[in-house]
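Got a structure here, written out as structure tokens. Questions coming.
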């Protein structure tokens, strides 16, 4: 069994690392704020002093940090992953980063002799805890094979999608579908309510047919209760829809429905709902 | 147990009547082309000579015909349902008709002393055979209660939605959501394929997440195989989306995503795909 | 010179009739509220007691009333135009009516032996006074020739557009272009202002280029002054855009830009700006 | 009178430089391919050996090159403008470049002690020859004052729009309006033709009303003749619409009409019409 490093112990990263420890992996953890490592050390993890140190000691180092800047920072510099990774070891970045950042990290790691895989995830806190994330892996295929046992602990599926960039592309495809669905769902619900149907009737009928899906069930209940507790911030969805439309632009793929759903999310952003859940798009639609 | 009449033995109506007979109801059938009644008589049904005769003999008469003109024709005239229904008996029209036709039928029946329920269904041949239709009932509530045992044989759910017209409204709400979903799905699939992902990868990832739904699974497989065998004709979907947008117009409900998905279906119609399955929208999107 | 009847002396009709009298035509006027005829009688017009009486006495009878109901009412009934028109005389309805009403009036007149022309106008009070309306004539071509001298007094152009219905179609085409232009103009102005340009700079640059047009100049100045004094009510524009999109539906012509501009006008309607000028769309865009 | 340098003698630049020479300015010209300078030298211009040499000799140096790469190249490097400009002299880049390039050029010039103005133009070959361009100037205000006499020779208007970037922003605002107008115009024309009106009727009526503008007249005639001779390439318009939508994204300004018109231009691009005139959008709309 490969030794595993884990960098970044936020809400997501901590849950994922805990699952790896419980599954019996030999895990070394590091976090910018070292206090957060205590709980994992208590569960049996080792403590790494720097990203470089972790990458030097472990066969495979995973990272899950909050934004592109942090992802780049832990990789570069004197104490960064690239400085420690050396020949043949592997680095798997599971953070959600833009294409440019992902390419920069890939270059830094491969130039240092390491192997690189991007592996952004679909899913939030609960699936991270339950080990049911969807892991979108792309990059070095031999590293993918080595990482698979760990992926299987953290997620319910982890397809290999090709060269670096394809993980991010898949995430855009998935999220733009999600945004478009939420937009048409909000319009349909608004229409039905104005026509005199009740929200429960609509959700029941939709939930019984070919369109039935967990998102409509979950977000639908939230809308009817005017509950917009954030599990996926609306501003992040709008950013992904914008990037998806831009990718369509680059690939000569017209996408009128996505473009209009993007404008609907912009309307919600302009109305001040950016930090609420994606379900808050309903507030500007209704 | 109420005696039941059933008018219209097309693909849908026959399957529904068979289920009623098998469930032990006392059923009298009528069809414009009487040859089609033989099979049901063999299963134990009685044969009615005219819609009027059926409505006179049965406590509850159901109809399932192919279009508004047929629905109106079997109701009106010397040999029509209204001529036979009399005081207190019930007529349940399960055909899909427009609002004007539904109101005209409701008037004819109630003026003749009968009770009326519109009950359009969501679902095609297979759910009709399996008794898993979604039945959208609206109109006379006492009649709804009387019809419920029969509904429970024919469908998996049959909510009571209020006054005449609400069954049709629910169907528009459901179908516009379906159309919008199919439009964003087609765009997302096209984008992913152009970005170099494979169709199977995309369907797998979508099928594992919060958006997973039977329609994406079913239509997705069709798209990847360029199979557009009609189960729901594209031209009917476009008609429903147009009516939904028109309903939004009437109710002051802006619906940009639905309006644009409607234009996408019009594009497919213009390209000559009106008689193919709704999935053929993909051919003009990709 | 043909004798002329004129029915309907509202803001538009009065200005048009005054121009005909001043041009030397022999004019007989009628209005539902007869007090309004005094001013025209003072200018030299005769007073007609009913629409029927006017149609009996005059070679050509023009009408300009406020809505389809009024247009139908003055035509039908014992004292209506159809009762008086007789063989060979002509009726020209310049009111803006829907297609069904126009066809009903055409039938009533031609069945009574008269000739019929629909001639809705583009332009409001000022062009009516100045005799610079755009008159969209369609129907009986010999009547068009007879009416031309009067059209030339009332308008600056009056093309013959074909059979009854084409006048109304042209009006929809023109108004949907106008609505779309206003929508993109409002978005462009909003974008420029948010980017830090001034409204005057934007209007100046737009006004100097290939897009320069009287509407942008006029409405642009209104927007910058937050002045939405009604010259064309927003709710009427939204109605015309809806009808244009519906016509596109009927003719298999996808029109995504028009469909989305229609939704933008619906948004303004929903916000309560229906009775303000079409320029008020800017209030929901900005 | 200030001495003037002019860099870049393509279709646009040559016409502009000729106008400056004819107006009596003392002009030094440079072009990457020096053969193109002969004609201007024959008219009285001096020949500069490099961009650096021109910038050293002239009070004001103008540039008009074809793309951002060329604009950056003539500015940077050992023989570039920045190497020669020195204290107090001015550089006016009239090329159309993106924001990042414009900022990079501004930095290079000001760090070298020079003054900088961006001044992209609206208008193509004919206005360049006629001296009727619209010049969108932004940057150093004292330089703007110095350049004004030359602007007045090259253009019919040249407002000062503020800091570097505002010239480019104005161009996006203007072009997105133009694109939206062309999209709704194409839809309206298509609708009218399908309804049985003729193209001439539609252009006449539109040309007589409040929407009348040179673009509809010019492009309208092109559409009816199926003539798509390029004066403004469709792919450049789509790029500008994309950038305008992206600017709206940055400034939280929803722009559904612009977003949909952008998708319509993408559809035309996908159909292979990118190098034809912007009027070719009609081919995918009709």
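Each chain gets a letter, A, B, C and D, in the order it is written, and its residues are counted from 1.
Here, a contact is a pair of C-beta atoms (placed from the backbone, for glycine too) under 8 Å apart; a residue touches a chain by one contact, two chains touch by 3 or more.
Chain by chain, the UniProt names read as follows: A, B, C, D = NAD(P)-dependent oxidoreductase.
None of these values were measured; they are calculated from a predicted model.
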Give me the superposition rotation angle from chain A to chain D, based on Cα atoms, as a multiple of 5 degrees. 180
Among the chains, which one keeps its Cα centre farthest from the Cα centre of chain B? D
Which whole number of Å gives the spacing of the CA centres of chain A and chain D? 42
At what distance in angstrom does the C-alpha mean of chain C lie from that of chain A? 56
Between chain B and chain C, the Cα-mean centres are separated in Å by 42
Residues in chain A with touches to at least two other chains are numbered 248, 252-256, 260, 263-264
Based on which chains touch which, is the overall arrangement a line, ring, star, complete graph, or other? ring
Please list each pair of chains that are touching. A-B, A-D, B-C, C-D
Name, in rising order, each residue of chain D that touches chain C in their complex. 122-123, 134, 136, 156-157, 159, 161-162, 166, 169-170, 172-174, 176-181, 183-185, 187-192, 194-197, 201-202, 204-206, 208-215, 218, 244, 247-248, 251-258, 260-261, 263-264, 285
Considering only the defined contacts, which chain D positions touch chain A in the complex? 242, 245-246, 248-249, 252-256, 259-260, 262-264, 266-267, 269-270
